[in-house]
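This is the structure, below, for whatever I ask next.
By written order: A, B, C, D, E, F, G and H. Residues from 1 in each chain.
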Amino acid sequence: MAKVLMKGNEAIGEGAVRAGCRYFFGYPITPQSELPHYLAKRMPEVGGLYLQSESETAAANMVFGAAGAGARVMTSSSGPGISLMQEGISYIAGAELPCVIVNMIRGGPGLGNIAPAQSDYFQAVKGGGHGDYRVICLAPASVQEIIDLMQDAFDLADKYRNPVMLLADGVLGQMMEPVELGEEKFVQPPEKPWAATGRKKGGPKRLINSLYIVPEECEQHNLKLAKKYAVISREEQRWEEYHLDDARLVIVAFGTSARVCKAVVDRARDEGMAVGLLRPITVWPYPTGVIKRIREKVDRFLVVEMNMGQMIEDVRLAVEGARPVHFYGRAGGMMPVARDIFNEVKKLYNGGAEQ
Amino acid sequence: MAKVLMKGNEAIGEGAVRAGCRYFFGYPITPQSELPHYLAKRMPEVGGLYLQSESETAAANMVFGAAGAGARVMTSSSGPGISLMQEGISYIAGAELPCVIVNMIRGGPGLGNIAPAQSDYFQAVKGGGHGDYRVICLAPASVQEIIDLMQDAFDLADKYRNPVMLLADGVLGQMMEPVELGEEKFVQPPEKPWAATGRKKGGPKRLINSLYIVPEECEQHNLKLAKKYAVISREEQRWEEYHLDDARLVIVAFGTSARVCKAVVDRARDEGMAVGLLRPITVWPYPTGVIKRIREKVDRFLVVEMNMGQMIEDVRLAVEGARPVHFYGRAGGMMPVARDIFNEVKKLYNGGAEQ
Amino acid sequence: MGKALVTFREDRCKGCKLCTAVCPKQIIKMADHINVMGFHPAVVENQDKCTGCALCALMCPDLVIEVAREEKKVG
Amino acid sequence: MGKALVTFREDRCKGCKLCTAVCPKQIIKMADHINVMGFHPAVVENQDKCTGCALCALMCPDLVIEVAREEKKVG
Amino acid sequence: MFEGILIAGFGGQGVLSTGQLLAYAGMKENKHVAWIPSYGPEMRGGTANCGVTISDRPISSPVVSEPTVLIAMNRPSLEKFEPAVVPSGLILVNSSLIHIKTKRSDVKTVYVPANDIAESLGNGKVANNIILGVLLELTGVVSTESVLEALKEVLPPKRHNLIPINQEALEKGRQLAREFKAS
Amino acid sequence: MFEGILIAGFGGQGVLSTGQLLAYAGMKENKHVAWIPSYGPEMRGGTANCGVTISDRPISSPVVSEPTVLIAMNRPSLEKFEPAVVPSGLILVNSSLIHIKTKRSDVKTVYVPANDIAESLGNGKVANNIILGVLLELTGVVSTESVLEALKEVLPPKRHNLIPINQEALEKGRQLAREFKAS
Amino acid sequence: MKKVFTRPESLKDIPFHYCPGCTHGIVHRLVAEVIDEMDMYERALGVAPVGCSVFIYNYMDFDMYQAAHGRAPAVATGIKRVLPDRLVFTYQGDGDAAAIGTGELVHAAARGEKITVIFINNAVYAMTGGQMAPTTLLGQKTTTTPAGRDAGINGMPVKVCEMLAPLDGSAYLARVSVHNPKNIVAAKKAIRKAFDIQMRGDGFTLVEVLSSCPTNWGLSPLEALKWLEQNMIPYYPLGEYKTPAEVGK
Amino acid sequence: MKKVFTRPESLKDIPFHYCPGCTHGIVHRLVAEVIDEMDMYERALGVAPVGCSVFIYNYMDFDMYQAAHGRAPAVATGIKRVLPDRLVFTYQGDGDAAAIGTGELVHAAARGEKITVIFINNAVYAMTGGQMAPTTLLGQKTTTTPAGRDAGINGMPVKVCEMLAPLDGSAYLARVSVHNPKNIVAAKKAIRKAFDIQMRGDGFTLVEVLSSCPTNWGLSPLEALKWLEQNMIPYYPLGEYKTPAEVGK
């Protein structure tokens, strides 16, 4: 099929529709507004619903209701709005409801700005809400990958009855790139016998709930969740390797900053330096396995983020002191520039300052 | 002065009043309700205000306003309510406003239960809101320490113009213990020339703000915050050491679980095992220094938490693979029992399963 | 009259007395003994006087009371 | 009449025309040239006709217009 | 010394305040003490309980999950907490309201018709102090004097008139316990 | 090959759609392309700009922070972005609206009276395609054919009647550029 | 003999956890009876709040949801939009609906969301220990208004029906009470009417039930009902505040 | 000659960032003029919203706060409780005040918080690109109602003054417009009245200003004012919805 030029935000919408999502609840916020605009038009075409909620808090809880009723459902927001959803996300995770949450990260903290950033990494992967829960986090780096990952996002959500978050930023949301949409196939979401759709007489009673007032039962529930998270951690780590095989210096970066780092790797290779890139596609579960596998074979790691240093903790947890882990970051909505990273790489490659 | 028997929640209130706090905004939630009850009575006695907000979201933003106006101000909540404050906390940190937030952690995720837990550790220390910001987190382990730390909390908040969170749980909040209140001295909060109290003609204009629409400026703001956080990390790490000197196995635990672990250490020592306890009093900044200092001298670490394993990441980040770091946790509001931990210690001490 | 039967499920009664206040015949009393939950349960003293009006049952928050009545003959 | 002066701060004008519509004397027009911001600014064509009613200034969202008037003599 | 005392009953039976009194008395004797109530919506059922720990070492967890002493003021409390008592622990049963026996054979059980005795003293409200007296006599965890001193501080002055009757109840309890020990 | 083209002007000057057209044409030629607009409340001022990257390698950042080509459709845009152009880059200035000169001496500058020429063609709206024609001629980044092909796909069928005038504008622009090269 | 009063089938046969004399139990029964009478057991979906009545999810025998504090109308919106032919109701206290959940309540009403809110006004936050609610009366003592609610600090009690009535999306708003049998019968009628209007698709429906909390009011169950009658009803007049005829007016 | 119209001192002499013909600028000026006239420059504290008018904090020359989206009334509450003798106002759009901030707005009113909300109703979320607001009119096309607002999906537009009027804590509620000089004068009077009532301590005050957004309405500035007059005013009648005489009624 022919390629079309598509905006990242619209690709999220189209990807969701193609993945069988028929319900969107959300509240406008830059830089993801084109997604609601797109779905406000697109959902009615496929018999779906675009409903603008009165707030992000309400949106998260509408998602809770719709997911409990068995629908493929999503919401979307950025920074402040995602913070407002934290209670809801904790409830969704606690009640084990599948849904997709898009977070187009912007500069923070507070009102910050709308420029591209990765400063909500901790919030997404460590859990910005209360309690021991985990959200599967996918971090695409191109418009094509957005389309592909939206299908995965809904499938993973249903498979594990868990919220899935798509982490991106204004650059990915606003940019247009050629994409291959592929056949539009009708996706029948899986059966959900647990969904509370009305109890048949004599049938099982369904309850969508996160309350376990008896601590013993709550602990059991937590253990059950932990078991599920362990399975996800084992089965669902995804990443891209770029020139890792013989790399002496490995850059670790995700999403938009990984795009820039790829150019840095190219340039370093051009100049004869054995530099590679590890691009986590899932940031939770974190691709710890691959880092453990390569850590002894390389000299050092360089983590590049559009924040003050967050994912670096996950890298350090995987490296466990075996090698130095360096950091290069830009903050507040600034994009890292390939040249600057390259200079950093050059310095480190030639045995720059130890950690 | 004579000791009095006091409830943890009431001690928080009395400690706040003695630290010069005159404004409380909050929304009821178990297990911290005795704190609002106490302050609803106590604040009017000292010319202060107890105001019940319509929600935790509103409470956090009332705190924002009152802190911006120069007041010593606090709020308090638990699990779901703290999640609802995340946007507000991010704004408070972004605008560099001093305030104290009490989090009496309960079982989660979702509605969970009201039993004691430590499962909001990540949320507190990694930042549950959006953007690169940090909250100073204090973790008392006794009612006396609550009283003492409340003074520190307000002082640290003002010193660094940063939110400070007191992390405790229902056990600490509900229990009564003897406390020495000390002299009630009138505390004059420091001058706050930055507070927006009305602009004198010809005087400087004050703006309480977290918006930096230009990425370059937002980055500068982030760098300024990062510098402040680095100072706090260097200057304000606090912890208690208990039989650390010759310890071969070091238990790391905070708050309620650290109390239990102290008994475990006693028992281990009784049985001739060189076991010690490191109790972080600040969990952000994390007392990384002491761990780095001792890590080579001990055989192994055992982290005990009332969650599925959160603080262990900070311990592992400090240990950097130098020694095995083990975990023992109870979840969902269950209290760890000294005997069980002791059994774990015994197993590990005698060279139990490597990590 | 007297063609009615009220049944109190004693172990569910919390002794709140709401039923006693509404009985037009004033035949509901609180027992001296306590039930499994530790409450003095409500009891009917004079079943015969009961009209089956069901006001007691309507008022009871804990669904302790069932009421049966002789069906009215049509015509 | 004619004892009034309207001053337009041209570089602040966004060419929205709101002032032109409310001037009772219809003396405000949009200039052909553009200002530093790239807008065709409003200008007064016939200052003499201006009554100093200040309706234009009242309407202008960008505080482009100042109005001065001869003070009324008392009595 | 170490005592973990669990006091459980209906709301209104003075369960929480009895526990506090005990903790206060322990504090007077410079012991380490901690008191903790059950909290939250379970209270809706009307039950109340608290744990009191008195020890000469710092107290780790204030939660009395394995009581050395259980004071059961009503039947549900006995049934619920009896299994948790440590072997060779002590159970004090308010036999005025509890007409069953404990099932444990590895603990010491004392049946105290606390309400009946209290009524006989002319004030049904001091049932808790009757049973507290028994506890003091059997465990010696704190002295009667400390309890009375604590009472003075806990009660507002205008209710100090209640001290004599409470004292009487404590004494009555101790006496009962002595009889029990003798028997 | 690599071109990072920044197109900047007022809203309404077709800045965003011109950029998309270019990206589309690049895609038709199987090049790697990316397009990105400025976004957000800065737009309130009425300015608009977008970056188009066309390359034979995968594109790292779509943000054109160091343009190889700047198309400045109005004066504020020229003043704002001129310093960012790479040395020996190209600046196309819409001299119909911009009456100043660039300050850079290390870049090639071409002044194109795009609006005037467009008016002379009878449609002021094609000023952007005049200047696009200049760009194509000077850089060869994509062919005129690809642009026309892209135009067919981008324009809804009922507006295909506009294709000839746009084509004319592109040709006119190329011709101008050839004259410039010759001079 | 014929049973003239017995437990509705939609209500599971287990004891309530409520305090003696708490009228939550009465309202639960009324809701279940109406669902039985409408034969909607298989199509009923209820949303539990956070509050004393959180465990309504255990008592109702059909499928249930438990929502975050105050968010039940948003959860119900999500459900109803996915399953438009179901009977969807929320059951919420005054803290839940009139404080933290104000935004969700107002906007469910504004959108004309085809759901029913059973709104239990007991003038306190009961579950958390008797704090002031938005509906606490002036002068009423609670754990956070130890000297009685003071309008100067806390403002005046919020009248929910009155506030929602001007919203065009609200179709049926009624305030009822359950302090005596006559009012209980009227309360049931209002619930039935609300459910009927919901199923007809006319818009948002809400039944505010004045309810007692003997425990936190510090009164015996009978005194509590008297207090309700004498203090709450004068400030919160009973009646229908909106009926479908008025929709869109 | 005497200056009869000039820039108020409370308004900093810098250009607004607003689109041509956007009436936000007019309302800014009115607020500043009233503060000048009341001689309250040194005691005025304003709270900026999130919305097109976020930068009001730069334009007002006195001390300002910037609040999270919708939370300005809560922020103002915090300020006013600490500094009760200051003039505290919020400036909020319809997304800010009537959607995400509903809870804070309603409860500031219910508490009788002594603040003034300047509420800019322009029937869209302007800053984020023209999405539907709660106040968007039926049939109005926005970026999220491409076929026009449909009552069946999104309900009816919210009338804020009408909704707040039943709350006993609200002291002054007025709806004004700025589409022509006469209404601008009336708008200024209403703002003055609200500020006076606030300083008198009578309770919560709000002035709703019907305002234009030419950019997102897709109209020229003059067309926009006409659209406002012809479409908004009929649905949102101008006038005073509450004055202090009615407080406590």
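Just so we're on the same page, contacts are C-beta pairs under 8 Å (C-beta built on N, C-alpha and C of every residue); 3 or more make two chains touch, one makes a residue touch a chain.
Treat the numbers as computed from the prediction; the structure is a model and nothing was measured.
Q: Using the touch definition up top, find the fewest steps from subunit A to subunit G.
A: Steps on the shortest route: 1.
Q: With subunit B gone and nothing shifted, sort the other chains into their touching clusters.
A: Subunit B out, touching clusters collapse to one piece.
Q: Using C-alpha centroids, which chain lies at the maximum separation from subunit B?
A: D
Q: Averaging over Cα atoms per chain, report the distance between subunit C and subunit E in Å.
A: Centres of subunit C and subunit E (C-alpha means) sit 38 Å apart.
Q: For subunit A versus subunit B, what separation do you get between their C-alpha means, in angstrom?
A: Here the centre of subunit B sits 29 Å away from the centre of subunit A.
Q: Could you state the distance in Å from the CA-based centre of subunit A to that of subunit H?
A: 38
Q: Would you mind listing the residues of subunit E that make contact with two or more other chains?
A: 40-41, 45-46 - these are the residues of subunit E that touch more than one other chain.
Q: If a residue has to touch 2 or more other chains to count, which residues of subunit B qualify?
A: If we look for residues of subunit B contacting two or more partner chains, we find 30, 49, 51, 54-55, 57, 80, 87, 91, 95, 110-111, 113-115, 209-211, 213.
Q: Provide the residue numbers of subunit H that touch subunit G in the complex, in ascending order.
A: 99-103, 106-107, 110-113, 134, 151, 154-159, 162-169, 248
Q: Can you tell me which positions in subunit B touch subunit G when the two form their complex?
A: 27-30, 33, 36-37, 40-41, 44, 49-52, 54-56, 80, 110-111
Q: Spell out the residues on subunit H that touch subunit A in their complex, using ranges where they run on.
A: Subunit H reaches subunit A through residues 50, 54, 66, 68-70, 95, 99-100, 102, 125, 127-129, 131-132, 134, 143-147, 153-154.
Q: Please name which positions on subunit A make contact with subunit B in the complex.
A: 57, 79-80, 82-84, 86-87, 90-95, 105, 107-115, 117, 119-120, 122-123, 126-133, 209-223, 225-226, 307-308, 310, 313, 316-317, 319-322, 330-334
Q: Within the complex, which stretch of subunit H touches subunit B?
A: Those in contact with subunit B are residues 41-45, 47, 54, 57, 61-68, 71, 74-83, 86, 103-104, 106-107.
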